[in-house]
Every structure is written in structure tokens, then in C-alpha cells.
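One structure coming up, written as C-alpha cells, with questions to follow.
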């Protein structure tokens, strides 16, 4: 393990301190609790938006705290959900009287910790609502299982629900639009290399020099299967088809595209992928309203990428287009 | 070599097409010539800003084309300077009658190709001026050598000269402020891993599992020396001290900070570095006006980081604070 | 059995030590079908418990258990934090302000713990989770006690059942937790949470056995 | 020597082929002290030259050389593109619209090429660049011609001098180009550009030798 860190046990604290040191005009840190809060929170009468999860996905989540996106983010240990007391503290920090929406990714740990936090908040008289993001089409969707994971599509939930809250939407309205995003967003990823959790010191899986992992999660979890590496076009075609067929996306649809790097993938390669995605969408007469290429939902230093498509209606288009000003996501 | 690409010979074209497909509202591509041009160029009466260099440094250079930064960027092959005819074509694309400033990084190839392009432009009656960025303190500065390399500090030149051009500065004024940035900016980097030029298929150097390379360039060039990995704080201290001593930066100075990832370094680690840099500056009573943490000047999939400091006066502060709206650098 | 609060505290410390000793092992198990942190998470939680327990010298059994639960909830994170946290919380709530625990309390406490975990995690037997170790253990304990066995003996039966449960998880596909994302690829691997449950029960049993 | 334009063209193609054959070798040299692309750059340029030359069947020697120069300038990039491009351009300008080249043209052309490279790159002998192969070669050629040797013989002397020049670059610290960033670490490695110059001269000499 070769990393630019100090003690593994201290890496989350070090990171958060470095983050607030970089962006004091956007965010502040609640000491001890590892919560990143929007500088001017709570905003009176505005719905608060709290998300969080394990660390190691930067700029998710702390990087998206700011105007038009999250009001607070709870950082758990690397790849470990934050705890209920942390989340409760974040809820209290952002509660401006209009209630707080919790944006949770569909992992057992996250679900349970946020649920406990919501129960505690309720006991203290703060109104909360929750949405659960589950955009990863690599995982089979079934009532009898945990269901799908939340991955890069979560960023669109943050953006759009954040815009709605910023525009003065009620808790119900913000929750509703978040759920609309969740219903219309699909993603799938692949990895060239695994990643190493600092405290573990070694990767959770290994890949040969000519192997890639398809459909892996953003926590170093192995994926659906392993195969020989192919060209970027072939790999992209495979991922994009899975994503397209799932909703399904159809001719005439308007979409937003996110080509997300997992941590160690150069932008160059993400653009190569986007070329192919744009071509495939063009062929299917699906029109691209906006494209985001970059690292949004990473998995430490994993090399690989995911493709996300979000089907837009007029409301989603407008909210996606709204300005956002956060350290990790800026849009005029 | 494990990369998300198609043919190595085609990777730059693929990338550029994927880039303009992603950002049609910002940029257009001049086909065949691998030039990324601001959508609304040429801007009548506004100084054009042309930069470029080898590819593999994304978002540099094409990602910084847009309002308040570059007017055009010429993409050479991976780590290879663009050619004079490419650069000349870019100059013509952006010439709005007020002249064109060429921002060149101090590499023999870049210098000569831009110089030839400037001669050709002059022959065609277009006024140009050039500045050469050489911020890398890892390289000894000497009149008898090539001098220092241009690395991440170049992004500050793009930002500030771009703001000056956007504000209507004359060619002389834009050049002058670019030179002021160059005189006041210093950087130094280190690598955890090398990178692989797609066409070469193998790294230019190798590092043991516990070794790092100090002061390497952004083209896979070996650095000043190699050492055993240490903590992020120790490594950061070494780099930052070198940078601080060089200008030198002194008590009371106001600075902008850039913690730049080289391609494969997670944001988490860059924030860990920033924590230490902020601490060191605080101890020296140097005040940080703005901090940029992220991937700005990369070296394909190299893992590592560089630290850049720019000493600011009132003019630089204002121009740095001016809005910029480009795919890779946005600031309200 | 007549377990004093101070002995209960020692028993919990023994459990914590076993978790600490098995940190790498549990993490290794989690790396096969999860995200390689179960041992790390649990060890962190029990480290906090270890620091906390000395402040509870004068507390009753329920308070000790609830405090352990709260500590786990607020330090572990992930899936195991709320699950084991809820287990201790519920056991503590059930047992209440007793100064000495009897066999029946062991039964009550473990039943409450199991119910808490099932409620929090919505897992059923066969989902490849903690439940696959804990539910058979709780049943075996109850049966043994009903058959007139001592607490130590009954806990011995529970440990055996939990061990079988861990073994059983190797042959099933995960339907809850991170391992469920793997589908069939989760086959052949034992569940980390079921394993930590087994380790905890075994430690409790050994503690009781040492003392008798 | 009496080299026709068609022979000149063949000679340039032979040079291109040698560059292509040594693409990996030159890149390898550049990876030690540069950025691992010298062979790739040069091969790309001469590939373009190869496509271009057939369109110049009726051109004079100067035009052929200038076109080769322009082609290199606009396809190679990096440091070697403008340098070798300028070299061919200047040689072409010096030689002008001749239909047949004599020994004196070889001398004039190489001198102009060297001057072009030195002017463009501002390198002097001892900087560990192309100049360290080309300048001694040009001097050896001139001396041989002055001593009454044939063009082929004189070029033979130039090749030997260039080879010595390449050897010499191993012992010096780079002061121009990417290798200069390495400081003392550039010691012990031969310069890629000096090496490609040597290869080109050797190919020219072999071409002349084959034909006589």
C-alpha cells in the first residue's frame, strides 16, 4: 500500500481538516463528529439536505456541500457508514424549521444508521424524510434482497434535490423530486484495478494485468464477473447497453450523462468513454441535455469508470440546470 | 498497460471528440487539427489566449478553454508538443484583432513549436506575444541550461491572464500580468507511481513498493531523486519548504495554494496534503487567500501530487477572484 | 449462574478482546464477500467499549448493556454498528436494573438481542447474516435451559449451534448486506457477521466455564 | 557524386525506414533521460514523409528537402520536429532548385542543417543534443572533402565522427532539452537525438556506398 497519508486511523480527520482549510468560504467542520456543514446553515425556512456515507468517495459527500446542493455531509470511516449520533448532529446543524431530507445510498449499514438517526431526530421534534438511491444496474433488483446499490447516480439526486430545496421547496416537494430522480437514474461501472482501504492495507480483490471487473461496487466489493480487457468502445458499449435497457431509455428521451471516474482513471480515458456513449445515444435518437465527465463518486484509488444516465422531464431539466456552487460541483 | 482506450494512435482524437461532445456549450473542435476553441471565438477586440502542449495533462489544456481563461488549446500527441501549423491555426481561430498571447510551458519542444508558429503568424500579420512558464523548483535554474519546467503553476497563468483578457486588457497588459504570475509562482511535485504513454506501452521508470520519486516532471521524466516513502506530512513538508524557500515566500505574504493531483491520486490524499500545507503557512504567518485542490495538471495515470504557491498582490488577487466558466475550472 | 455486574463487565471485556484478536480474520472474511472492514469496525467499537466500561463501576446490568449498545452504535458505523448496538441496547432494556444475572436473564437478553437485530436489519434465517448464527444459538440455549441444563451448558449448546450456523452460511447465497450484491459469488464463503456472533458467544461461554 | 532527385528521394525513404526500424530503440533511449517518445515522434514524421514523397516526383532537390522539412515540422511535434524540420528546410533552401546533387551540395546542405538546428534550439556542443553528433560530422565531412575524398568517403568520416559524438554524450550532463532536468542523473546515457542523427547519417552513407 502506497498512499499519501499519515496514520490510517487518522486519514478521515486529516482529510476533513484539509477540506475545510481549502474551502472556508463554503463549509465548516463540526469538530469530533466529522460533519461538513454549509457555512451559512441552518437556512431559516429552507429544507436541509443531509447525506453521507463511508469516506473514500471524494468529492462525495463533503465536496457537494454548498449552495444548491447538500446542506451537510456526514463522513464515516473509509467505506463505513457514519453513525446515528453523527447523522443526528448533522440534522440539528441544518434544521431551519422546514424539515430535513436524508439522502441515503442503499447499503444495509447506511440504511440502518440513517434510520436510527431519523428516529432520534423525530424524538427531538425535527421533521425528517428519507430517500434511498439504488441506481446500480449491475445488481439484480429483487424484493427478497437488499436491492441495488446506490452509486454515481446519487450525485444527480444531490444536485436536483439541492436545487429544489434552494428554490424554497417544501420537504414533501424536495423528497418527491428526489424520488423522481431515483426512479429515472441508472448506472453501471467497471474496474481496472482494485483499491486499498488504508486500515486494511491490502486490496479486497486482485486483477491480472489483462483482467477487468465488471459491475463492481464503489467499496472494493467484487462485481458481477471478471473478463479480459477489451477496447474502451467495447467496454463502454456493454455498460451503456445494460443501463439503457434497464429503465429502459427510449428514442426521443432527453437525458443527462455522467461519466464518472473511480479515482485513478485519467480524464483522458473518461473522455474516450464519453465519445462512445454520445455516439450510442445519438444512434438511438436519445438527446443529451447535459454531460458531466469527471470524478464524482470515487472509490479511493480504484481505476475504472461508471456510466450514468438520467432521464429528464421539464422539471428535472430546470433543476439540473440551476446554479450550484460547492467545492466539488460548480455550475453557473 | 491497462487503459480504457481504443487504439493508442487514436487516443488524442477520441479524447477530444469525447470532450467536445460533453461540452458543446463551451467549446468546439477544429477537425483534423486537434484544436479546442472557445465556442464564441474570435471575440472582437479581445486578446486571444492560446496555450497547448502534449496531451495527457487533462483537464490541461482543453478543459480550461472558456470564459475567463483560454480562448484555444492545441493538443499535441501524448506528452509531445503540438506543431507550428496547429498552433498557427489556433491563433487564427481566436484572433479578434487585439492580438494573441501564447502561454508556453518551458520545454524545448513547446518553445520551438510555439516560436515557429509565432513567426508564421507574424508573417500573416497577426500580432502575438509569448510568455514561458517555469515554476518547477525541483529543477535547478541556470542561464546555461533549459531552465525550469512549467508545471501546475501554469493553471494560475491561464486563470489570471484569462481574466485580464476577458476584462478587456490589451495584449501588452495581458502579457505583463501573465509575467507577473510567472515571476511569483513556484511548484514542486512527487510521484508514487510512474505513468505509461499509450503508444509506448510501458512506464518510463519503475518504483519499488516503498519508493517515491521526488521532483519528477509531468511527462514521466524521472525526478531529482528517489527515496523511501514517508508520511504525507513529511513529504508535504519537504515539497512545501522547497517551494517556500525559492521565491522566497515570507511572513505577511498573501498566497493562492494549489494542491494538484497527478492523475491517480484520490482527492482524499490531496486534502491530507492541504491540511499540512495550510498548517505550515499558518505557522509562517503567510495568509491563504484561495486554495485549489484537485486534478489540474495531470500526468496520465501517475499517482502523486504537486504543491504550488502563488504570491498575490492586489491586482493578482482581483484577477484570480474573477469568474471563470470552463469545463475544468469554474469559479463564480 | 449469579453473574455480578462486575463479572458481566469482565465478560464484555473478554468479548472485546476476542474481537480485537480476530480483527484481521474478520476483515479477511469481509474482504471475500464485503468491503473488508468488519473486523476493523468491530474492533473500533469494542475499543471504545473498553474505555467506557470503567466509568460504569456502580451501574446496574441493564445500564451496562445499554451503554455498551450506545457505544457500539456511535462508534462502529456500517451495518454491524446498528445491529450489534441494537442487540446490546435491547438486551439491556429487557434485563433492566438488575445487580445480578441469572440463567433466565441470559435467555431473555439473547432473545431480545435477536429480535432487535432482526427488526433493525429485516433479515431472516437463510439470508447469510448474523441471524444465521444467532437464531439457532438462541433456540439451542432455550431448549437446553428447558431441559434443565445449567447456563454454562446451555450456552455451550448455543455456541455449537452458532458454529453450525456459521458453517451453514458457507452454502447459501447472501440476500442481505453487501454480500448480497455478489449473488452466486457469495457461495462458499462464511459470513463475517455470523462469525463474529459465534466468537462472541464462545467467549461468553468460556468466561462462564472458567468461573464455574 | 551526381545524386538525382529520384535517388535523393530514395535516400530519404531509406532514412525513414531506419528510423522506423529503430523506433523502439530510440524511444527506449528517451525513456532513460526524457519522456519516452523520440522514436515514436520521429517514426510518425517519417511515416508522413513516406506518404508525401511520391507526390513530388517532378520536383527539384530543394523542393523535396523543403517539403520533407515542412512535413516533419507539422507532424512530429516535440523538440525533434522543429529541429529536424528546420534542418531539412534550411538544407532545401540552401541547395535550391537543383536537379542533381554534388559533393559540395552535401556539404552546403549539412552545414545549413546544422546552423538551422543550432539557431532553433540554441544548443552548443557539449549540451548533450543532436548538435553533439551533427557538428563533428559536418566538420569531418568538410575536412575529408577538402582532403580530396569522395562524397561517400567523406560521409563515412562524418558517420564515424557522429558515432563518436553519440559516445561522447554518454559522459556529459545535459544542458538542453528534457534531459537537462535530470542534472547529473543524465550521465551515463547516450542522447536519443544524437543517436537518431547518427543513424540518419549512416543510412545516407550506406545508400551512397551501395550505389557506387
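When the chains are written out, they are named A, B, C and D in that same order, and each has its own residue count from 1.
Basically, contacts are C-beta pairs under 8 Å (C-beta built on N, C-alpha and C of every residue); 3 or more make two chains touch, one makes a residue touch a chain.
This is a predicted model, so every value here is computed, not measured.
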Practice item. Trace the shortest sequence of touching chains from chain C to chain D and report its length in steps. Key: 3
Exercise for review: Compute the distance, rounded to whole Å, between the mean C-alpha positions of chain B and chain C.
Suggested key: 55
Exercise for review: Quick one: report the Å distance separating chain B from chain D, using the average Cα coordinate of each chain.
Suggested key: 32
Exercise for review: Please work out the Cα centroid separation of chain A and chain B, and write it as a whole number of Å.
Suggested key: 29
Practice item. Chain touch graph shape: choose line, ring, star, complete or other and state it. Key: line
Point to revise | Pairs of chains, among all present, that meet the touch criterion | key: A-B, A-C, B-D
**Study point:** Residue numbers on chain C that touch chain A, as the complex places them
**Key:** 27, 31, 33-37, 40-41, 44, 73-83, 120-121, 175-178, 180-183, 185
Revision key, fill the gap. Interface with chain D, chain B side, in the complex: residues 54, 76-86, 107-109, 112-113, 115-116, 138-140, 144-146, 149, 197, 199-200, 204-205, 217, 219-222, 224
Point to revise | List of chain A residues in touch with chain B within their complex | key: 2-6, 11, 14-19, 21-23, 55-56, 58-59, 63, 192-193, 209-210, 212, 229, 231-233, 235, 257, 259, 263-276, 278, 288, 291-293, 295, 298, 300-301, 303-305, 323, 325, 327-328, 330-332
